[in-house]
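Each of the next two complexes has subunit A plus one other chain: subunit B in the first, subunit C in the second.
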Partner chain A sequence: MSELDNANPLVFEITKDRQILPEEEDDSVTDKFDRREIFDLIRVINDPEHPLTLEELNVVVESNIKVDDDKNSVYVEFVPTIPHCSMATLIGLSIRVKLLRSLPPRFKVDVKIAPGTHESELAVNKQLADKERVAAALENSHLLELVNQCLSKRATG
Partner chain B sequence: MHHSLKEVQQLTGHTDQVWCVAWSPSGSLLASCGGDKTIRIWGKEDKSWVCKSLLTDAHTRTIRALSWSPCGQYLAAASFDATTSIWSRKSGEFECLATLEGHENEVKCVGWACTGNLLATCARDKSVWIWEVTADEEFECASVLSTHTQDVKCVKWHPACELLASCSYDDTIRLYHEASDDWESCAMLKGHSSTVWSVDFNKDGHRIVSAGADASLKIWQDYEPGNPEGIATPDNLPVWKCVCTIGGHHERPIYSVNWCSLSGMIATASGDDSLCVYQEISTEDARNAPKFEIAVRQKAAHLEDINCVSWNPVQKGLLASCSDDGNIKIWQLQKE
Partner chain C sequence: MATSMEHEIERYLLGDPLEASKVIASEINKSNAKFISFIESLEASLTNTDNVTRGRATHMIGDVVEMLPPSFLSQEQGDMVTKFLLAKLKDHHSVQPHALQSLAVLTSRCSPLGDETAKDICLTIFREVQNQTLSHADRGATYRVLQNLLGASTQALSDLGGDFVIGFIQQMDAEKDPRNLLICFNCAQFICSNFSLGPFTEEMFEILGCYFPVDFVPPPNNPHGITKEELVIALRKCFGATPQFAEYSIPLLLEKMTSDLQSARLDSFFTLAECAPVYGMNGLTRFLGSINSTAKREVLMNISSALVEAANNAVTEVYKAVVSPTTQTNKSISDVSENIVELYQDVGKFLEGTDLKKSCLAFSLCRAVASSSTFAMGIMLPLVLPSLISCCHKHTQVSEQLAFVKELNRFLSVIYDHKGNTGVLAPLQLLMKSACAVFEQLLKLTSSDLQREAIKGLRLVSTPRITTDEEQVQSLLHLLIIKSLAVQSSDLRSEVLSSLRVILEEEPKLSEQAIKSLIEQTDQDNFLLASDALVYTVVNTKSFTEVNNFFLKTMSENILALAEKSGNLLSCARAMKQLLLQISKTEIFAQVETSTALPLISLSIQASEQWTEESSKTCQALMSCFRDAFSVFGQFMAKSDVTSFWDKMALLFLEGEIQNHDFTENLKNIQPLQSESPWQQTRLVALMEGLVISANIQALVERREQFFETAYVLALQSQDEFTHLSACKCVAAIMNKAPIGSQIQWFLEPIVDKLKRALASENTLPGRLRAVQLWLWLTKAMECRGHSATTILSSHLISLLDDPDLGPEVGRRLSMVVEDMDDIFSAQNHSIITPLYKQRFFSLNLKALVNGYENAVSKEVKQNYLLAVSGIVSRLPLQVTKPHLNQLMPLLMLALKDSKNPNLGAILSTLSVAGASAPQTVTSNMDSLVPQLLDLSIRSGDMKVRIAALECLEQLTGLSSHVLVPHQTKVVRELKQALDDKKRLVRRQAAETRSAWILLQPETKS
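== the complex of A and B ==
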């Protein structure tokens, strides 16, 4: 493998599991999507380079997520570990794909780099927002494999 | 608002997102294509639209766009597999006549010129290709135009002459014509602040409408050499100027815009799941400062992003739309 972009990343502590309230298990109660649920979906995504999750690398944090269930909108900002991280597009794509696969199709999902945290912020954001490019990327078996690696459950041992 | 859209019928059958709908020149057939790699041809039987043909096995990836030849005998299909297929229905059934290869990657759009002798394709490889259609149904590359600096999203021919428009991820629109034996870019239209997804000409071809990721529409007017306004025309070429910007109706990117040659109305389709229809209203200086008002804003027209909208070329007010939700809808514009 070639040299890593960021060989010694800072590792952060992970959040405790969400406490499930009794009303959340009650099927008769309409339960809107909230920020924590979106966070739980994406915090376990693997970093493409390190054997760590996006949460452990502080790439995704709960406070950078906005959800409006009534307006069908989910907005996620992520922070690449370093400003010239070459994996930023792949990380963004993985977050997008995870949410597209997990959420009901009524949701409009926007994934962006947190302002000021990457050199090619605008270019990466534009690419991630282009649904045609995302659709084409997901038909590319090599790229799809990389995304699926990020989304697979890592074997713990 | 003095109009409404009445849903005539929903056409189901595609098993993935539907990217494009295209009416045949006679208005009797509707072709559709999408992520399921198939083309469906819909026609009317009694009072309802039904799927008459299912064209498969020509492409290995998403079919992104379709274009009918002006005679209605041929259908061209652009695919993410980097090829464009040409279908003929001269025998009564659709048969794949040719597969055009040359683009390096995803072909995003295809368009047949009004004469039927030329075809244009565009791709993520940033190029626009012009193909000549020979008398014996062969297709030869006449030119490769690499003026855009990014992914080319859409190509559209002028309704009466061999002038081509293209728009791109580089936020611009380009126009091309044939000059002394080769094709060249003859104008660049700059104004949108993000990807331009779609362009169309009005009936007489003196105006262009464009729309894109900035969720706005722009109307461009051509000024020919010797124009009464006294606008300079370098190299004796017409100059196109943005004479109107329409915004505030869509909340997400506009993926498709279509200018009706029968009514003069403009329809748009957006990632906000809505369709809009605009009409021009009379003003003092309609040529240089036209005004458009919204005639219909159909919210939640589909359950997901709407990718394409198309006016029937014969039946006034009949509109087709298609969506990521896998469905096609046929609408009738009505006066309230």
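== the complex of A and C ==
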């Protein structure tokens, strides 16, 4: 990468670990999937450009996630750091793959760019929504490696 | 004799110098007079026409003298030989080096030489020796001669004055060899700091300055052991040898500070920092401006943190030196203050905070100046702090705010170092007020990092000796108190509370106010937090009495009204325990028996009349709290106090003796140690337990045996579980601590007999189970002290695993023998603990356990053995079990199949660790392990087990990939089910485990 799209991004504070409630430790209670749970899954994804997580760059925020456990749907909006960010598709793909791997198959996952935050919003959204294209992208070993890098645990965690 | 001397001289000249000089030296050593004859015998060779022979003969003098003991030669002999050697310096040029070497030996071996001789040596060397034309070893000889003379005849050389200085400079000129340079630097530093350099100061500096900065890379393997650091330090000492160098060295250093080489810049700053105290105000003042600007340049460039730190440190040292208290004149002081203001104006535009990095660096430079002296702080802080405070206000992004607040706190710690100095602090009061405003505002924000910094800041500011306004301190204290009740996150809260404590310790009289307002707060809903905070306000006897009485009063009120409000009772009891722990090492603790211990006893007796079946749980919790409090008494009270306290307690518990004690209330008679008494009374044994497990056994004298017997019976017979357990612990603690010897037999034999009878199958099952429990505790106590009798106990215990009724209980509980029980058996509690007793127990009993499993008659009995083995293995560190892991693995795998095994979680975590440290054993069991883990992580009924199984699976991904790949598809597929677990915590671990298995890296083919 010769030049970074956004060389000096603003870094945001990360949220504290979720507090474990007593009912979460009670084996008889069923915990529904909620917004924070989805957020916890995707906030640790690494940014392709910087040694920072998507949460630290404010690309994903909890309020931009919608979950309906009963209707089996998850909807995630993300905000690229700058409107012409060339990494938007890769970030979207990473979020999608992470959720595919971490959620039970019953969920329908939608990942979109938040309206009005990217120049080629429509095109990227279309790519991300197209199941076949996502599957094809993951066949590409180079692309898969990039995605896996975003999803791997950071060494200096 | 003379002939042999000549013979040896011949041998020397012909080529065996070492042996020959040894023989001669030992000859001379026998009698001093022989030295003359040695010189006489040398005559022929010394006057030989051949230059080589003359040279070697000259050298021989040195070699022989070197082997004589120090100061063997008299001063006259030394002077005489010196004179001769000096004459040799004028001889043929090939003889000269030999004469120098001999002189070097002579000057070190014959000290002191006469003053005139010393001068003569120097002058002759300066006149005759062209040092630059000699080899490095011979140059070294010259320096050694001078070094020796500097040490031995300082005064004589000093009399030579300028002649010596210039002579040395000429000799040292153009020296390149690091070995010689070390000697030269050493000499130069001595000359500069002891001799008057006269008109040659500049020359002297030139000859040294040309080596700065030292750039030396030792040859491979560094045969001479000289490092760059040695040279750097030696040269730095030269620079700082005399204040006269200031005018020459500072320009040089300033020039090097702008060099392209980072190492040169670093060295320059270090050198300046070290020399500044020597150069002092006179040397430094006129360079202040340039030093300011170079340091500023370096700091703002921010190449590396080491450089920034070095530059800041140099600035601090320089300003410290220019404001030394002895040499203050109005003129110079005003110069300094002008320079400080100038520096501030220079960096002023960075202080506005538009560029975070640059601002922080600029602030750090200002802080370096401010921390140098009170005077500098007085000028710098009023200039800088307003901009810093406005930066804190202006920024809204958390990371920026955090950086500025941290910077602000660093400035406040500079102020903190001057606490009590009201003259300096008075003008700063207004600024500190506005700093407080910043902190108060930050406390309202959500970010916990910001809040933490704000609390730290408040602690610095509200120290009474810094903020002089008492009202303000009180309002800050009030703020902290309010905050302590509002903060939920525990680490932030402990920060608040410790700040509260630090402030009150500085100014104990404020604690009264703090306690009062906290007690007011307890009336509202936040009793728990307020009582917790009260503990931190105790800083002296007065505050202790106040808080202690408040706790006692609250507890007694709560007990009387047990039905309505029992919640506060427990939090109060816990706070009480905390309080006791906190004061345990202070002198307040001496009065604790009357102030706390006895009231607690009467409180418990009062309470025993109040407990009902509904409040049984509360009773347990309260008694456990009190037990912990009593173990604090046992641990920290003085031994004599423990003895008298024990006497009272024993009398009360064994005889029901109440009247003679200092109890205030009229209490009913009680019999807590009789198993027929109601549980409300028998649970009081927990108080005894607290004291017995913690106190030194030597302090419990009166009625110890009687208590032991009674507790033993209580443990066997009491039907109340809590009482039974508590009594067991009493018995175990006494067993563990009882003095070694006949007494332990006296204890043990009847006990074992009685217990065996109680275990016999004709008794009722609950009674037998109680006996098993007591047996287990006894085993634990004896294993702990490593007593020889312990094998009887443990082997019988293992044989009980075969018992159909008692086996399951023993299997479940056996692992307690290898468990850590720091609340009962620990050095702090005066227990006897043999090192490695767990390992011993494991290795002695492993065989019995494994054999027992193999020979077991029924499935149920096998299960008991599996329980016992899995419990023990999962509680021992892996290093202990590793050698046996191959043998144990099959048993553990079987244990995993039993879904009722309470040790499942522990076994799984043992296996996780084993995956990392004993991969071979785990690898060979992969085929059975992976399906078992998958099964547990999906179908186990206990969420903790599911999580542990998933964690174990994740740990396995650390094994080498050829083991993992065959299982990868299956694991990834099956874990899909775990992703939809009903518990969130399980799902979280499942997602991580699955992702770890998906991301498995095939081994690199390179």
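Note that in this section the second predicted complex is superposed on the first by the 155 of 157 C-alpha atoms of A that agree within 3 Å, B and C clash if a C-alpha of one lies under 4 Å from a C-alpha of the other, contacts with A are read in each partner's own complex, and residues count from 1 in each chain.
Convention: a residue touches a chain if its C-beta (ideal position, glycine included) is under 8 Å from a C-beta of that chain, and two chains touch if they have at least 3 such contacts.
Predicted model, so just to flag it, every value in this text is computed and none were measured.
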Check whether A:Thr30 is in contact with subunit B, with subunit C, with both or with neither, and answer first, second, both or neither. second
Is A:Arg106 in contact with subunit B, with subunit C, with both, or with neither (first, second, both, neither)? both
Applying the touch criterion given at the start, work out whether A:Ala129 contacts subunit B, subunit C, both or neither, answering first, second, both or neither. first
If you stack the two complexes on chain A, which partner ends up touching A:Glu139: first (subunit B), second (subunit C), both, or neither? first
Does subunit B (first) or subunit C (second) touch A:Lys16, or do both, or does neither? second
Residue contacts on subunit A - larger count, subunit B or subunit C: C
Intersection of the subunit A residues that touch subunit B with those that touch subunit C: 105-106
Where on subunit C is subunit A touching in the complex? 397-399, 447-449, 489, 941-943, 976-977, 979-980, 982-985, 987-988, 991, 994-995, 998-999
Within the complex, which stretch of subunit A touches subunit C? 10-13, 16, 20, 24-25, 27, 30-31, 33, 37, 40-41, 98, 101-106, 148, 151-152
Could you please specify the touching residues of subunit A with respect to subunit B in the complex? 105-106, 108, 126, 129-133, 135-136, 139
For a test of understanding, state which residues of subunit B touch subunit A in their complex under the given definition. 17, 35, 61-62, 64, 80, 105-106, 108, 124, 151, 153, 169, 194-195, 213, 252-253, 271-272, 303-305, 324-325
